[in-house]
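Here come two complexes built around subunit A, the first alongside subunit B, the second alongside subunit C.
Right after this comes the complex of A and B.
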């Protein structure tokens, strides 16, 4: 079951991602436990399935406006739907992959799957503890959701 | 003579090297191509998974490869092994988010020559590529 202290690696991974990839740090809010239902998602959500020593999902969900600015900061000029999907998947993949520094190589991550649309509902891992890590970057808000047994 | 950034030159001529970029993210492939600052590197192809990389490798015969690990169809670790079987002298830089030591060791044992963690800065990318070129 996911413990509060294990969230540190995801918080640090998120902070590091924005600092390095976007050259501008993000503010990460206090993680909170999901107690009812599933967290609301933004326009694009990148989902990583976790297997091996731990089971569950990690997903990064962000609004199109935030991803557009992030792409600009990366000197990317293509703001197509496909590139939004690509970026949100890459962010989820990078933060999850970086977590292996603490969780080890038996924390096996899938290739990203991506859903778009705010009405999407991402099922959390059954029997897992799920936390939301709020992310604020420039004027935009996003979330990292960690749901692990 | 070898210059500071690893460029081989003689009487004003520069050796050129062929680079293949392998990553399942189009954004990452473009980023690597855009950010590398070596005039002597010619990007001869980019592939989104290990199987595509093998095909392109046979067609383009690159000297250098940047290789992601987590990809569909064939992952980077298996692809490294297959590329090294085809051309033992190829230089491979792994560029991956996987931050555990075991993955880096596994990649190096299969034949990779360097490992760069995502996310990375342009400077880190160019230093890693320069190191790879030095070995050619």
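Right after this comes the complex of A and C.
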């Protein structure tokens, strides 16, 4: 069973990113479970795969509008598709760094991969319930999904 | 202890021998120096004495020459001057020899005495300064009157000198011989002294070599011992150090300490400082008190060990990757005794993280096994159909909880709003699970309820606070799934084992009958758990229309719990009130003209309006002023207020403040009414009126 501190590590990794990159902290919304099927995905999704002590995936998925404002806050002027992809990849990378720091060699964490499009298929571990943690930043809301066995 | 004693003896011996040898060598050197100085003086004296030996003869010779010249009337001035020089030289050298540093033999005194006898005869000669001759025409040069006297003095002196020259020379020769003997004796002494010095130097060298060798071997041994200590301290897995009377760490510690605490230097570090950032202030204070106790002479080590507050310390340390991790440290304290009591306290620190985790896993697995067994036993006792219905309802309830969680929330108010909803759902699930005696589920729901209660107390709520809830919810869902699988397997097993019975029952169980059974089973469990004795009588429940079944079941479960916990008194209390030991709880369901009536009654302690008011004030539901103004009827209605309960300790069955409000609300939701009547000490009666259902209407028409 996933432990509270493990879940918190992923959540902190995500909120820290906003704090550092955009100088504006993100808040955590009300978490819930997705018991059947795949949780909803937004326009851009950064995914890390985890093996070792736990198996499954963790992903950060955000709508285009949120990423655009985030890029603006970061003084970026390039709002291209590529840059959006890079941005969610970077968030996933921060989550991965946080997990490496806290869990060490117990978790084997992949290099982040990025998918785009709301209809993207995210390969969830079969039989694992997913924890969905809304990440609210300004008026926007993204999701952190932790699906580990 | 023995090593340091031997070391001290060795040092003292080295210093003693060294001092003796230095004193001896110093004495040899000083004596040698003095001897050499004396010998030097002796040689000079010997030279003088040798030279002086020639003087008596020279004196006689000068006097002979002077006499001859006076007789020949020749010039005598030069001869007299030579005599004077010789006498002066002799006198001076002899006096110097007599008073010189060299120890003159006794002959020198004799020579001096003899020389003093020369004086009366020599003085007139030497004192002469007149003209010895006068020239006459007839006789030529003749001795003058004073010349004649002078001549006579010279002759006398000459005679004396000739007579005594040999004696004086002999005396001086004896002096020289004496001096020579002295010099020779001194030379012998010097030789002896030098030999002694050489021997002493050799002894010193040998002693120095010996001590050097023993010192080197001792140093080697000490170095080896030091290296061994170092190796032990470097290799040992525990952190070791000594604490002094000021609770400061000594200058030596094992390398493990560096790893355990992630710092390099510990020398002189106060123990308090070491723990300060790792433990809460209260633990730190206890630990420091404990350390102080250890320094007391009366502290018993084994007893002290049993009260060690640092036996298992949870600390957060740097994990070497920039993060923190939880480790468990065990501190052990051993007193090091000296002659004056406790000298140091030896502290050993071990990382027992793996042991603690292993023990925890073991305990968890034991608990799991026990829980599994409980679960199997629990499931075995429940009718498969009933179980399936319950699990369906529970899953639906959990989905509802998840739906509540899923509602977006950003503000404290939005988060807080969720809590009441969550609570009500959980409470209802728990009630059903308890009724069916499915304790593995009830315990989990209870834990979730606890978590929700905790959140209610928080000042500010955020999504982070809900993470533990959602984890527990996940765990509960997984557990429900396991119970369902187990139930299915057991049902299959039962069907295959008892095909005949299954066939004979055919149509299955009447749902209302099922509720009766559930209530009876719950009553038995409640009676056992709360040490109460009561009979449950249920009448007319078969009349209950299907539309009310789920709600009424929840309502009855809740009221039964309240009756068992709050209503029925313990047997001894009942006896004291002249009541039968065994209490009565009655459920009557019946049709009435405009619908249905459900009466739930217990012959317990009843409700006291004053107690109800007091409890409501305690919970902040009403103010004391409001309570004072409340009539009995209003006071009774308090039990239907959200958050009301008169039981202070929270057990699984009552006392959470959710119960009768849920009951009342669900009755209102069915379009019904609920009322309560009571007589303190005699009974509590709930009367519920429910409207007619379509089912009822159609039956009535028929």
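Note that the second predicted complex is superposed on the first by the 142 of 149 C-alpha atoms of A that agree within 3 Å, B and C clash if a C-alpha of one lies under 4 Å from a C-alpha of the other, contacts with A are read in each partner's own complex, and residues count from 1 in each chain.
Everything that follows uses one rule, which is that a contact is a pair of C-beta atoms (placed from the backbone, for glycine too) under 8 Å apart; a residue touches a chain by one contact, two chains touch by 3 or more.
Note that this is a predicted model, so its numbers are computed, not measured.
Contact with neither subunit B nor subunit C is seen for A:67 once the two complexes are overlaid on the shared chain.
Of the two partner chains, subunit C is the only one that A:31 touches; subunit B does not reach it. In the superposed model, A:7 lies in contact with subunit C only, and not with subunit B. Legend: residue contacts after superposition of the two complexes on their common chain; A:101 is shown touching both subunit B and subunit C. Contacts of A:47 after superposition on the shared chain: neither subunit B nor subunit C is touched. In the superposition on chain A, A:136 makes contact with subunit C only, not with subunit B.
By the touch criterion defined above, A:58 reaches neither subunit B nor subunit C.
Once the two complexes are laid over each other on the shared chain, residue contacts for A:124 go to neither subunit B nor subunit C. Common to the subunit B-facing and subunit C-facing surfaces of subunit A are residues 98, 100-101, 104.
Residue ranges of subunit A in contact with subunit B, taken from their complex: 16-17, 20-21, 71, 74-76, 82-83, 86-87, 89-90, 93-101, 103-105, 107, 109-111. The touching residues of subunit B, when paired with subunit A in their complex, are 24-28, 30-31, 34, 70-72, 96-100, 102-103, 117-121. Of all the residues in subunit A, the ones that touch subunit C in their complex are 1-4, 7-8, 11, 27-33, 35, 98, 100-102, 104, 129, 131, 133-134, 136, 141.
Against subunit A, the residues of subunit C that register as touching in their complex are 319, 321-325, 399, 402, 405-410, 414-415, 418, 462-464, 466-471, 473-475, 477-478.
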